[in-house]
Structures are given as C-alpha cells and as structure tokens.
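Each structure below appears as structure tokens.
Each of the two complexes below includes chain A, the first together with chain B, the second together with chain C.
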Partner chain A sequence: MLIFTLRRLNLFIFTIFLLTVLSFSLAFLFPGDALVNISGQVSANQEVLAELAQSYGKDQSIFNQYVIYVGKVFSGDFGVSMISDLPLLDVISTLLPATVELSLVALLIAMVLGIPIGFIAAIRHRKNSDNIILSIAMIGYSVPVFWVGLMAIQLFSIELSMFPSAGQISPVYEIERQYGILLIDILLSDSNYKWQAFSDATSHLILPAAVIALAPATIFIRLARTAMLEVLETPYIRAAKAKGLSFAQVVYSHAIRNALIMIVRHIGLQFANLITIAMITEVIFSWPGIGRWLIESIYQRDYTAIQIGLLVLSSFIFIVHILSDFLYAALNPLARGKKYGS
Partner chain B sequence: MKKNRRLIHFQLSYTWAIATCLLLIGCSTDEDISLREKSIIYCSEGSPESFNPQTVTSGTTIDAIANQLYNRLITYNTEDNSIVPAIAKSWHVTRDGKKVTFYLRKDIPFHQTRYFTPTRGLNADDVLFSFNRILDKESKYHQVVAGNFPYFQNVNFGGLVNKIEKINDYTVRFSLNYPDASFLAHLASTYAVILSKEYADQLSLASNEKQIDQLPIGTGPYKYQEYKTGSLIRYYKHPDYWQETNDAQQVVFDITPNNSGRLAKLLAGECDLVAYPIAHQPIINNPNLTLESVTSLNVAYLGFNTAKPPFNNKMVRRAVAHAINKKAIIDAVYFGRAEAATSVLPQSSWAYDNSLTHHMYDPELAKQLLTQAGYPNGLTIDVWAMPVRRAYNPDALTMAKLIQSDLQQIGISVNIISYEWVTFLRRLSKGEHQSVLLGWSADHPDPDNFFSPLLSCASAETGSNRAFWCNQAFDDILSDALSTTNPNQRKAFYSQAMAIVKEEIPLFPIAHSKRYQGKANYISGKSLDAFGGIHLGNIQRNVEGGE
Partner chain C sequence: MNLFDIRNLSISLKSNDTDILAVDRVSLAMKEGEVRGLVGESGSGKSLLAQAIMGVLDPKWSVTADRFHWRGQDLMNLSPHERKAIIAKDVAMIFQEPMLSLDPTTTIGEQVEEAIDPASLEGNFWQRRKARKSEAIRLLHKVGIKHHEICTSSYPHELTEAICQRVMIAIALAKSPILLIADEPTAAMESRNQGQIFRLLASLNQLKSMSILLISHDLENVTHWTNTITVMYSGQFVEAGTTKQIFKSPLHPYTRALVDSSPAANIELPPKSRLKALPGSIPILQHLPIGCRLGPRCPKAQRKCVTAPKAKNYHGHVVSCHFNMKESGKV
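After this line comes the complex of A and B, so read on.
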C-alpha cells in the first residue's frame, strides 16, 4: 500500500506541476500585459503596477517568476477578478462548494439509478428487458445535456410547476454561510424557516442534478451490466452454484459485491465527465457554481479568472480521481500491485 | 422459476423505493408557502449602480431604489401625473413665483437598521441637508461623489435655486433666481429624495461619507437589508412607515439579466413580478398571470427639416402626414405595443388635450395636397432612419421602409439614409437631412419637457430641435405656460401649443411606446408608472388564490 501511495503521490505532484505551468504560461499567451493578466489589476496606476511587478518578481528569471507564482497560488493569493475586482480566492471558495454539492447529488442519483438497473440488465441477459434497458441507456447517453436541461425546465418548471427553473434556493430565504454546502448550512442555521428553506433548496437541486445524472447514469448502467456479466462467468460463481445456492443467493452474496468493486474504479473517471456536464447545466439552471462562473469569465475575457478557474477545477477533478483510486485500492488488494497510475 | 422470485422481489422493491423518493420530493415543494407568501419577489433586468437616486439617471437603478427606500417632498399622482403632497403636507408659491415654502409632516420616521438607529423623525434639517448636498460645492457629501448629480446638473438646479432656508423645524423655503413652473416637477421627480442628516453626521464622525450612497437610510416603505452584487437586493418592511402600504415582510429584487430566464421564472412561479417580459403571448395565455403596461412618457416622430425644400412648404408636410399609415407602423414595428401619437405630448400627461385628433390616413387627400403644393407629378425625398434601437423606436429602418411604401402611393419616392450613430447625429445637427425618424424620452412629466427641447427656437439653434422650426407665437405660449403655476392655465396654454403643432406639422408624431411588466394574479395594485420607476409599496400580495 505504501508503494501504491507513493506512486499516486508522484503522479499527483507531476500533474499539479504541469497544471501550474499551463496556468502560469496562459498569462503570457493571453492578449495584454502578462502582469495584469496574472494579477487581475486592470485599473492599477503606475505605482501599484511597480509594486505588483516587484511582488511577482518580474525582474527575475522566468523560472523564479514561476516559483513565486506557485508560492502565491498555494498560499491562496489568486489575484483579483479583472471584471468584478473581487479576490478570486473568495469568489472560488463561494462557488466551488455549490458545484461540489450539485455534482455529488448528481453522482449519487446516477449511481443509485444506474448500477441496480445495470445489474438487472445483466441478470436478464439477452432478454427483452435487457434490450430495452440498453436502448434507453443508449438514447440517454446520446441526447445533448443542454437540450435535456431546457426540455426539463419547459416540462417540469413551466408546464407542471413541480420544480423551480433557476438558482440554488428561493431568494426569500436568508441562510448564513458556514461551510458553503447549502443543505448543510441550512440545517445548521437557526432560521425560523429552516425546514421551508430546506425543502425549497432540495426542490431547486433535484432538476439540475437529475439532468446532470442522466449521462453518467447510462454509463453506470453499461458498466454495471458488463461487470456483472463478467462476474457471473467466473469460476467462483460456478462453485457457489455447485454448492447448491439459489441464483438469488449467488447474486446477493457473491456477484453484487465483486461487481461493485469494478465499478468503483470508474467513479473517479466518471466524475471528470460529470463536472463537464455540470458546467453546462449550471448555465442553464443559473446555478451559482464554479462552472457557470468560468463560462461567464470566458465570455467576459476575464483572463485572471480563467487561469485560476482552470487550475482549481482541474486540480479538484484530479484529487477526486486519486481519492477514488485509493478507495478502489482499499477495497481491492489486487489493484495495489499495479505499477502505473491511470 | 423459484430462484428468481427474490430477484423479482428485489427489482420490485427497488422500483418502489425510487417512486416513493420522487413522490416525497414532489410533495415537499408545496410546503414552502408561508415565508414565500410573506415576501414579494420582483425579477429585475439589471443591477443598481448606487442606492441613492440623487447620483444616478439609469432607469434600472431608479426602479430598484427610488420609491422603495425614499420619499420626496412632493410626488406625482399616478393617475393623472398631477403633483400631490408627500413629505410636505402643503406648499405655497409666492405671486412672483420666486419663493416656494414647504410645510413638512411631523410624523415621518427614518429607517432603523443594523447600521443606524434614528433618534428623531424627519425635519427641516434633513431637507436642507439633502438639497445642500447638491448645491453646496464645499460640502463633504458633495465632494464624495465628485459633484456628480446628473439630473440636477441637466436641469441647472444650481442656477435656479438661490438659497434654501429653514424657517422652523417643519418649514423650509426655497428662494429661486427666476420663476420656473417646472421647479415643482424637479422636486417631485424620483431624484429629489430626502436623506437623513443625523445618519450623515454619524458617518462624518467616522469619516465614512461614502457609505451614505451604499448603505442607504430613507423614509420609504422598505429598508435596506442586503445587496449581493449582481444577484439580489433584499429590503425589509419599514414597520413604522407613515403611509398605507402592504404587509409583505420583505421585498426581494432577484436580478435576472437573461431575458428568457426572467420570463421562465415568472412562468414557473419563482417571481411575483417581472420587468420587461421578452414575449407577451405566454403571459396572456396563462390564466394565472397578467400582463400590465403603461404608456411611457416618450414619443417617436418623423421630423421635417423646415429650413429647406421641399419640407419648408407646409402643404408637403401635410400631404406626407395624411399619407402615412400609423396603425400599420404600430403593428409592424411595435407589434401593437405602442399608442398612436396625436401630438408630441403623450395622452397620459395631465396637460394633454383630449379634443385633439389624428391626421387621418387618407392617400386621396394627400395626393390633392401634394398637387396644391405644386408637385402634381410627385417628388423624391430623403428619410433618415436612426441606426440604433431605442425604447421609443425599436426599429427605425423598418419604419422607414413602411413609410417608403406609403409615400409611394401618392407619388413620393423615398431614399432611406442611415449612418453610424455618432456621424448620424453630427450630420443631423448640421441640418443635412430632409426628414428624420427620431424620438424623445422625457426626464420628468412636466409637459414643457416635451415642447421646449423639441420645438422651441432656442433648441433649434443649439439643442435637439431637428425640425429647425422656429415659431415666435409658439415660443411665447411656451414661456407663458412656464411663468404660471396654475395647472388649468398651463393646460390651456399647452392646448394652444399642440394646436399650432398640429396645424404647422414641423414634425409628424408617430407613437408613444409602452412599458410592460408581467405579474402573477395574486398581486393586486398598480406598481408601474409612466416614468420614475416602480412602486412596490403600492401592491398587495393576496394570500387567497395564491399558489
């Protein structure tokens, strides 16, 4: 396990190094002055600029500048937004939890729906229900998320008035911010309208989370199906059957557990995919998350925000990936021996 | 198939679990009624620039702040736009029109918030402070915004007001340098709000003068609670408000610049009111929603350059006026969302003369007039169409094309000309045009704001009179109308003025466009005004028939 940890750590450091190099070089590749791009101080006067140049080590070699930049990033000095002039660390720490909340709920929905349906498909292999599940999964995977999002708003918000169409919570509720994860903050708050707020926030969350979950859920269906089919072919299942266990007992006690391990391995990979979908969905549902903010920053040519946003978002995805690798390794001792990270 | 029974059971229970979850979630949305029912959500189109109307002119900002947070000495009656008491319970104008005395109400409390607790109600000191802030260049509060009070600068308030005196705690006198009937209109405009001197003094002690425009204290129906930049403004009810208002506990401005997103929020019941809905049909078709509209104080017109041929000939102008089908223009350019204009002054103005009639659309008559004017075989004219989109004229080019085909009927062929906006305005001011499609938006509802800028001799030389029309009799009527404050006399003068405009046709008024607002049916009362922003204090949220 130690070797495995070291390997992953190595991979982590190397990836973060590449990401920071990319982010750092973007300051030079974007149009305009590199110092302004990296600090976000668009309306600074000469004195402030001179001070900034000093603090970013503009008189030193490129390598030293990079080291200073990395130091600043890791100490939380992300610069300010070129458009709103707000410190980017504050902006990101407000927005990232909203995205995390949305993505985790979406992931949960995708898993809760996708995996059991996949198992059912595998158990009913080559039967009608299998074919139907596979076809639906294929359709669900193929429809573009922006279309699904808009249709969901049209149907569930406007026609049926079941769910709200935009935002994280109705603006009538004032929730004091503690952890940034809204549902938790609501439960911790001492507002008189706590439960109303909670149910309102939940109903705001359902629709975007379901839209995001659609594509990953279809992938989980196919993963679960393949995993289950593979497991059902293995000798120990045959042995279990030979012992005289019923098919249901075999599936419950042996097959599901072993199939799940194979799926856990893919959760990390799916998470990256999910974040990409979440970014688009955030725009459609006006969700106050980092993806919507990043897309707006791109529209507004807020170069400082783009650099830092990319760095934070990709690091975040990568960390989740590594964590899921650890989870997999903890569950499955065989994986610890694998030499290369993926 | 015994071995499969448990599996089928598993599948069934799984399906049930999911269905129950969905059902529970579906129900939970109906429970959030009570705080939602105690709140009014207004979905606005943009963010405010400041929380003090004195320092801005943008309509979006005025909508969000002016009538919600503040009161003025006097205000407008929303029905007929006449001036009525507000903070001042009465006022008196001397015979020479140069001294105006206001008698203030004694029962007006300021907001109590987490950053300010008032010890006294509104009195003369607050009035003096609010206006001296604009007039006194030495004042710290003048300097803190770099003397930037755009509305008051535009109307030369500093040149008009000589001094403001406190007669006693509840009496204030304005001394003017010259009589001006629109003075009261300036004080009633949404920009002339009364601030708290006590709050200002408290801020001065902390050398934090800037805060007065950011964390506002006023006397209006709502008090400031929070502003999340670009996302929402939250006001709480001002519990001791001195006028009748609704019992909403809070008012939230949900800032939604995206046009279709804003409409969706209204349709999905997330907003109670929505500004400038992008499409009207979904609101009209929905039995739970109402589309409100008000004719704004603006006018779109076809101006004739009366300084050069062919439009120096009144007969030609008349011919064109009778040849244009106004109704078709309103249908095609405004999609029916405008009122046909009979004069430059909108029908909603108190000075409007109801006996005024349109130039009838009558191509036969137009042809005759053209022949009388000496053009039996027709002629060719230029129509300049402005290149930008304005509230009063959303599409000047289409309008020009419609006019082109109308005039074709009576033998006038039209060249449509358009330049880039800055060039357009420059060439226009030089008088290079023969006729031009243009418009005007009023700053305040005083009728003079329509006539003087568009048609007086003075504005023909330097201002916005693009007809270059100068009629001494007309000018005399305008100055007579300004030198009296008697509304009936003024109305009579403006009727004469409108009659002259109708007879002479220096410009052909086309339309007064409307402002729209969508709202849920459980909101009653009128919040939309022809000018000067919305009044959320005037509406009621009825619980019955709500969700």
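After this line comes the complex of A and C, so read on.
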C-alpha cells in the first residue's frame, strides 16, 4: 500500500510539474507582454513594472523565472485579473467551491443512478429491459448538454415551477461563509432559517446537477453493463453457482464488487468529461462557479485568469482522479499488494 | 445401487442457422462410492457434460436427455429449480484453473465460510459466526492446509495453484457431497502437486465413501486412481468399463489408439522412431462428421460407419463401434 501511495504521489508531482510548465509558457504564448500576462497588471506605470520584473526575476534565466513563478503559485500569489483588477486567489477561492460542490453532486448522481441501472441491464441481458435501458442510454449520451439544460429550465422551472432556474441560493438567505461549499456552510451556520436555506439551496442544486449528470450517467450505465456481463462470464461466478448459492447471492456477494472494480477505474477519466459539461451548464444556470468565470475570462481575453483557471481546474480534476485510484486500490486486493515482475 | 444414471444426454448450441450437437446422446452411470474417470481429448465435450449435470451451463446451450435418475429419483419430472436444489445439495464440483475459480476480491476464509450450509450450524445467532469460522478452519485442515491463519486471510492470487485447488476441494466438502465432479483438477500443475491432489481425492473416496467423477484428458494419469473409466470422443460415447478392461483389452479402435499412444506403451520403441498415434486431430464443432465421428481418423472405418453405432454391452464392458475388437474376434 505504501508503494502504491508513493507511486500515485510521484504521478501527482509530475503532473503538477507539467501543468505549471504549460501555465508558465502560456504567458509567453499569449499575445502581449509576458510580464503583463503573468501578473495581470495592465495599467501599471514604469516604476511598478520595473518592480514586477524584479519580483518575477525577468533579468534571470528562463529556468529561474519558472522556479520563481512556481514559488509564487504555491504561496498563493496568482496575480490579478486583467479585467477586474481583483487578486485571482480571492476570486478563485470564492468560485472554486461552488464548482466542486456542483460537480461532485453531479458525479454522485451519475454513479448512484448509472451503475445500478447498468447492472440491471446486464442481469437482464438480451431481454426487453436491457434493450430499453441501452437505447435510453444511447439517447441520453447523444443529446447536447446546452439543449438539455434549456429544456430542463423550460420544463421544470417555467412550466412546472418545481425548481428555480438560476443561481445557487435565493438572495434572501444570508449564510456566513466558512468553507465555501454552500450546503456545508448552511449546516454549520446558526441562522434561524437554516433548514429553509438548506432546502432552497438543494432545490437550486438539483436541476443543474441532474443536467450535468445525464451524459456521465449514461456512460456509467454502459460501463457497468459491460463490466457486469464480463464478470458473469468468469469461472469464479460459475464456481460460486456450483457451490449452490442462488443467483441473487452470487451477484450480491461476488459479482458486484468485481464489476465495481472495473468501473471505478473509469471514474477519473469520466470526471474530466463531467467538468467540461459542468462549465457549460454553469453558464446556462448562472451558477457562480469557476467554469462560468473561466468561459467569461476567455471571452474577455483575461490571459492571467485563463492561465490560473486552467491550472486550478486541472489540478482539481487530477486530485479526483487520484482519489478514485485509491478507491480502486481499496476495492481491489490485486492492485494493493506488490506484484511479481512489475 | 446406481448413484446416478443418465441416458442419451445431448447438448446442442443454437448457432445462427444450424444446431451444433456438441454432445451426442451420451450415457453415463455411476455406482455409489465409485471413482469413475471420464477421459477424452480436449473438445470432446467432457466438461460440458459435467457442467450439464451440475446445471451451471450457459443458457445458450440446450440440454436434452432421455433419463436422468439420481439415487433412484427421476429428476426429469422436476422443474429446473427443484432439480438444481437436489443437485446442489449432493453434488459438488471442482474446476480446472482453481485460481480463476475463486473470487479474486474476497478472502479465502470468507469464500469457504460462504459455502457452509447455515442449517448445519448449531447455537444461537451470536454463536453462529464463531461456529462458521471454526467449521471453515476444520475444512481447511481436512484438505491438508495446516496454516489456516495465513490461508484464510489471503486472497487467491497470493496462494499457489495447488493450495487454491485444496481450497476448492474444501469448499466442495463443505456440504459433504455424495458425488464430487473433478473437472481436470490438476491441469497446469506440477506433477508433485498433482500427486498430492489425487491422493487427497482418493483418501476422501475411501474415508467418506464419496463418489468421484474424475475428468481428464490423460488416460494414463487417471488409471491409478479410478475403478471405472468412460471414454468420449468429439461429444460421442466411445467405451466404458473397469479400468482394467479399458487398459488391458480396449475394444474400440479409439481407446486402443489412446492406450497405444501413451509413453508407457511405447517404451520398447527404438529411439527416434515415431510414436503410435491416430492421424489427424479432433474435428471442430462446425465440421462434425456424420455417423461415428471418429470415422475420418479411424483405421477400421468402413461404409457402415456413416451411421452412428449402437452401444453394445459385453459383461459390463460397453463399447460403441460397428467393428470393435470383440466383433472382429481379436480378443
């Protein structure tokens, strides 16, 4: 397990290294002065610029400049936004938790719905229910997310008025900010309207999370179905049946865990996809997250924001990836121990 | 008394347009306490036959039979569910490749415990867990695993093939079966471990009077351990008799060839000369010959062989050939 952890950590360090190299080089690749791009000081006078050049080590070699840049990034000095002139660290630390909340809830919905439905499809292989589930999964995967988002608003917010169409919480509630993740902040606050705020925030969250979850859920359906079919063919399932266990027992105690192992491997990959969908959905639902802000920054050519936004978002995706790897190791004894010949 | 008696069991695979008859009207009967070998080349349908008896075949195969008696009880009249319940209670099976037959993500201890029938445990529900544990340890000791602490907390990939096969046998013994079907239990195992497994099976047969159906592709290897042998070829019944009959006076040309092809039979051959063997290889399922499926390879084949021969019984030595050694007066 220690070796496994060290290997993941190693991978993490290398990925962060490459990401920072990319983010650092973007400052030179974007149009304009590299120093302005990296610091975000658009309207600085000569004196301030000279000071900045000093602090970013512009007189030194490119390697030293990179080291200084990484040092600044890790100490939280992300520069300022070229448009709003606000420190990017503050902007990101207010926006990122909303995206984390939305995407993790969406991932949860996708897994909780998708995996059991996929298992059912595999168990009912080649029957009508299997075909129906597969066709629905195919349709769900094919429809574009912006259309689904608009249709969901049209149906659930405007026609049925079940869920609100925009925002994270109704402005009447004042919630003290602690961790930034709204649902947790509400639970920790000592407001008199705690539970009303909680239900309001949940109803704001459900619709965008469900829209984001649609495509990943259909992928999980198909992954779970393939994995389960594969597991049900294996000799140990046949042996378990020969033991005299009923089919339900075989599925419950042997098949599910082995099928889950195959699915968990893909969570990390699917999460990157999910974040892309979440960025578009944040725009549609005016969700105050980092995805919407990043898309806006791209429109406004806010190069500093783009650099840092990419770095933060991809680090977040990668952390989830690593966590899913640990989940995989927890489920699979073969991944944990030392392997012969590797 | 017959333990089980199967007549004309056929297994077919529904393919796109044609029906492939993988096992063609095979009969098999066993007495209580007997060790019977079921011998044939790979692809002769012996594993299919065993899985059909256990009822663990894939649904894509369809199985038909004229008779299936289990200890005097006719199983053909029962629903598949009832049949499976009876079979699962009294018959256990061990497979080739034991490591693949154990769930890779569950510890050995849990897998052995799972096989123990809850009805056999005594005590109240809080004592059950402990009783189950000690029963599992007892089973592991029975198959010759001394260090049960290491074994129960291990996963299958951490143990050797031979230990895994012992665990499989322990799992099979959990319900104290009357019949154990061993489907090539020692395939891909070193000869030393092979001997250990066979000795374990033999002692179980003698001490518990457990009947064993030993499936193997190696005629010579099973002769030490079996009382009777049934030979199959390409899904058809070839010959059945006591081990001595099969080995000393084989009646079917195929059995003759099998016995002649073993290294022991060829010991007097001069060096660097060819071993005796039938020409050709076993036909694939898509291109099965009509009549006797040995036809194209058989040294004695004649025109009559395009119709499948009926099994003839010579004092318990059953053979299915138009021109067997008895007919042609060689024995």
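Please note the rule applied: the second predicted complex is superposed on the first by the 335 of 342 C-alpha atoms of A that agree within 3 Å, B and C clash if a C-alpha of one lies under 4 Å from a C-alpha of the other, contacts with A are read in each partner's own complex, and residues count from 1 in each chain.
Everything that follows uses one rule, which is that a residue touches a chain if its C-beta (ideal position, glycine included) is under 8 Å from a C-beta of that chain, and two chains touch if they have at least 3 such contacts.
If you're wondering where the values come from, they're calculated on a predicted model, not measured in any experiment.
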Look at where chain B and chain C land on chain A after superposing the complexes, then choose clash or fit. fit
Between chain C and chain B, which one touches more residues of chain A when both complexes sit on the common chain A? B
Angle at chain A between chain B and chain C: what is it in degrees to the nearest 10, using CA centres? 150
Once chain A of both complexes is superposed, is A:94 in touch with chain B (first), chain C (second), both, or neither? neither
Contacts of A:253 with chain B and chain C, given as first, second, both or neither: second
Examine A:300 and indicate which partner it touches, taking first as chain B and second as chain C; both and neither are also allowed. neither
Figure out whether A:25 sits in contact with chain B (first) or chain C (second), or with both, or with neither. neither
With the two complexes superposed on chain A, say which partner A:273 touches: chain B (first), chain C (second), both, or neither. neither
Going by the contact rule set out at the top, does A:243 touch chain B (first), chain C (second), both, or neither? second
By the touch definition at the top of the document, which applies to A:261: first (chain B), second (chain C), both, or neither? second
On the overlay, how many Å separate the closest CA atoms of chain B and chain C? 8
Using the superposition on A, tell me which residues of chain A are in contact with chain B and, in the other complex, with chain C. none
Contact footprint of chain A on chain B as seen in their complex: 2-7, 10-11, 14, 18, 25-26, 28-29, 31-32, 34-36, 39, 41, 226, 229-232, 234, 250, 252, 254, 256, 258, 261, 264-265, 267-270
Residues of chain C that touch chain A when the two form their complex: 51, 54, 56, 88-89, 92-93, 95, 97, 100-106, 114-115, 155, 157-158, 168, 171, 174-175
Which residues of chain A touch chain C in the complex? 234-236, 238-245, 253-254, 257-258, 261, 331-334, 337
Considering the complex alone, what residue numbers of chain A touch chain B? 84, 112-113, 116, 120, 123, 153, 157-158, 161-167, 170-174, 193, 195-197, 199-200, 202-203, 206, 246-249, 251-252, 286, 288
